[in-house]
Amino acid sequence: MDDQDNTLQYLISVEKLAQEILSDKREIILLDKRRNENREALRNLTKSSESKCWLTVGSVIIKHDIATAKSLLEADQNQLNIDINQLRSELKVKVNNLRDLEMEPPVPGLMLVPMSHKENEGLTHAGLFN
Amino acid sequence: MAPAPGMQQIDLSKLNLPQLAQLKQQVDHDLQVFQESLQALKIAQGKFVDSGETVEKLTPATKGKTILVPLTSSMYVSGTIADTDNVIIDIGTGYYAQKDIEGAKDYFKRKVQFVTEQMEKIQVLGIEKTKVKDAICMMMEMKIQAQSEPQKVS
Amino acid sequence: MAEEIQKKMQKELEMFSGVQKEYKIAVSQKQQLDSQLNENKAVKEELLLLKKDAEVYKLIGPVLVKQDLEEAKQNVNKRMEYITKEIRRTEGHILALENKQDAIQTNLNKLKNNLGNLKISV
Amino acid sequence: MEGDAPTSSKTFSGIPEAVFVDNVDEFMNLPENSGGVDKVLRRLDEQHAKYKFMESTLASKRRRLRQQIPDLSRSLEMIEKLKAQKEDMETQFLLSDQVFLKANVKPTETVFLWLGANVMLEYSLEDAENLLTTNMATAKKNLACVEHDLDFLRDQWTTIEVNMARVYNWDIKKRQAAKASSQ
Amino acid sequence: MAKLVDLELKKAFAELQVKMVETRKKINIIDAQIDALDKVLKFIESTRQELNVLPNDTNTYIPVSRMFLQADLGDLKENIEERVSILSKRITELENKKEYLERKLRESEDNIREMVQQRKEQIEDKTN
Amino acid sequence: MAKSNINKGKGKNADEIFNAFQTLRNEQRQLANKITELEMDLNEHKIVIETLQGVDKSRKCFRMAGGVLIEKTVGDVLPVLEYNRERLPQAIEALNEQLARKGKEINEYIETHDIRVHRGHRAPETAPEQATKSNVLVASE
């Protein structure tokens, strides 16, 4: 029971960390995408010949001076840079932690057992051989 | 004994039970996918209908009227309608087009029609698939019966 | 001997499930691309229906940028071309994965036969 | 098992913890399990269904919170805009799905917040900001709790599933043994 | 001869019965429609009550999708009266239709009764 | 021969029973949903009342009544909400009674169902599916 408990606890912590890493990576990708879109929008505003532009805030679109819009976008870019960098540095630590975790105790289930006759049959039924 | 879908029946009778079971699973899955897309289309249809009805309520008489502007789903601010002749429509993939009320009505009418057609198509497919499923079930039952009979005899 | 074959089979099976996973991903990618293409088609049709002087906007990041109707049409066309290319590429990938699956299956069958023969001879 | 007191330290909404059946023989010898394998399996299944039900309740709660949080942050963002606003604001707002309508908003000191129960109350920008900030903190806290509980719940029903499999197999083995000895 | 009459009677009887089942179905549908309209009417009535006690200078809005559009209280009241009268009229129409169908149903029942009675008399005539 | 006949009969019955059972469960679920809805409504009322009690009675406050949003004051709206708050528990109580009756009905149904179709551990609900799943899970033992 204790053994089983420990194994379970271990697997849960590995799983949790791996999950965190995955969601952090996803978050970074999302933020990066936003950053790229902002960049494109800024380029567009610089080119624009009009004096005003529409800027979305949630589901509301508000008319702004180009200059105001630009400074808002630039502020957003700065914040995004900070957020992305922070996530990245945290991610490194997490990845290292995960590695440490996975190295230490022997991972149960890695010991492969040759297939039994029964399993063979099961696989045949599943259509994997045939 | 089994009804209608003649072609499939010939094919089916050649399959063994596990194959039939697998086929049935596949068909069940397809049917479920149909059901889900129908659901999604129904929701889309509802939204288009709602938008069409909403646009119709924008008459010249509403110009300049005081409104409570929905800023988010729970926050409103007092404002006035600036333009009752035109609306801006999200036509998809990041594009927005300005249309007059008539144009907007027409847009949503077309959209509703399109979605309805899609739904009808899927419904037809679903009926076909259900027939296939029934044929498979019938065939499976027959095979099970045939399998159990000799055992009883022995 | 039998152990070796079983090990090989284990390996092949692992490969098989790997390929299967990849296959599933590729198929869902293709579905996604298909629906993207459909969406773009609908937008293109809508743009074609608009009058020449109609106001068209494109959302770039949080900014709604006014765009020339012609430019918008070209843009959507380009996007559709790109998606179509991607669809073709994915279809090729799917086909390759199917072949790979077949090959593994053949291998597995061979190994299984070998194993069977071995057992008989023992 | 169902009578066990909820371990409040582990869950926020008092989800009872499922006990892992380590020794099936001992487990089946417990007085409450004297009704036979079928009854035990059914009871485990009922428990499983209860966990599933709790899951769906919690999942919808999570869905609501996940919607609420970005909505609150947008509301806060809008309040910032309104605070800074010195002249008439030209806007397009989402009237219905896919339809934007142009509206003008004069500089304002107040917004209306939908409280629920068919009631909307006027707030000064500052009061609204305070309220929304508090709500945001609560929503985030609640989301964390719900997510934790969902994790916990998943562990519980996995335990139940394993228990069911173990009891089920225990029964099969017993039957096989009985069959073998009778032959 | 008697058998022939029996057959005819049976046929007429069956026809009448089919008709009656159909009429009953129609009545059920109308009942459901009246129920639905009644619900709407009740809802509108409650709004009317609510609006009628308001001071005339009250600001009122109607929901148009996600926004609220200011509407004149007088106009709203007028609009509600109009809807109430349309709904009431439709309900009355349905009730009339239902009454008519019920009358037809009773007639059919009477017809059947009559037929049976006639047959009885015929038999009695013969036996006498 | 006789046995297979019984099996067939059982299969048909099981289908019908399953459907009827499903209907009962759906009704139960609907009742439960309605109760949850009303409970949430009651909870909402409590929170809103509390909020309104804490603010000036003359503050602008809207109430949605029968499809019309009416601009009023907190002082106008509070009594209406309080009235609703008093009435909601009664409605919930009535529904709870209905739910209890439905639960009893379902339990009785399970009892009778069991007498007629007693196929090992294949209890209603999700048990059959579960059992097969466990089968696979355990195959390697």
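A few remarks follow.
Letters A, B, C, D, E and F mark the chains as written, and numbering starts fresh at 1 in each.
By definition in this document, a contact is a pair of C-beta atoms (placed from the backbone, for glycine too) under 8 Å apart; a residue touches a chain by one contact, two chains touch by 3 or more.
Per UniProt, the chains are A = p53 and DNA damage-regulated protein 1; B = Prefoldin subunit 5; C = Probable prefoldin subunit 6; D = Prefoldin subunit 3; E = Prefoldin subunit 1; F = Prefoldin subunit 2.
Not measured: the values here are computed from a predicted model.
Number of steps on the shortest path from chain B to chain C, with steps defined by chain touch: 1.
Across the assembly, the mean Cα position most removed from that of chain C is the one of E. Centroid to centroid, with C-alpha atoms defining each point, chain B and chain E lie 35 Å apart.
Rounded to a whole number, the gap between the C-alpha centres of chain D and chain F is 17 angstrom. Averaged C-alpha coordinates give centres for chain C and chain E that are 58 Å from one another. In chain C, the residues that reach two or more other chains under the touch definition are 57, 59-60, 64. Shared interface positions of chain A, defined as residues touching 2 or more other chains, are 54, 57-61. The residues of chain B that reach two or more other chains are 50-51, 54, 58, 67-72, 76, 81, 88, 91, 96, listed in rising order.
Residues of chain E touching chain F in their complex: 43-44, 46-47, 50-51, 54, 58-63, 68, 71, 76.
Listing the residues of chain D that touch chain F in their complex gives 37-38, 41-42, 45-46, 48-49, 110, 112, 115-122, 161-162, 164-165, 168-169.
In the complex of the two chains, the chain C residues touching chain B come out as 36, 39-40, 42-43, 46-47, 50, 54-60, 64, 72, 76, 79.
Contact residues on chain D toward chain E in their complex (touch as defined above): 93-96, 99, 101.
Residues of chain A that touch chain C in their complex: 34, 37-38, 40-41, 44-45, 48, 50, 53-57, 61, 69, 73, 76, 112, 114-115, 120, 123-124, 128-130.
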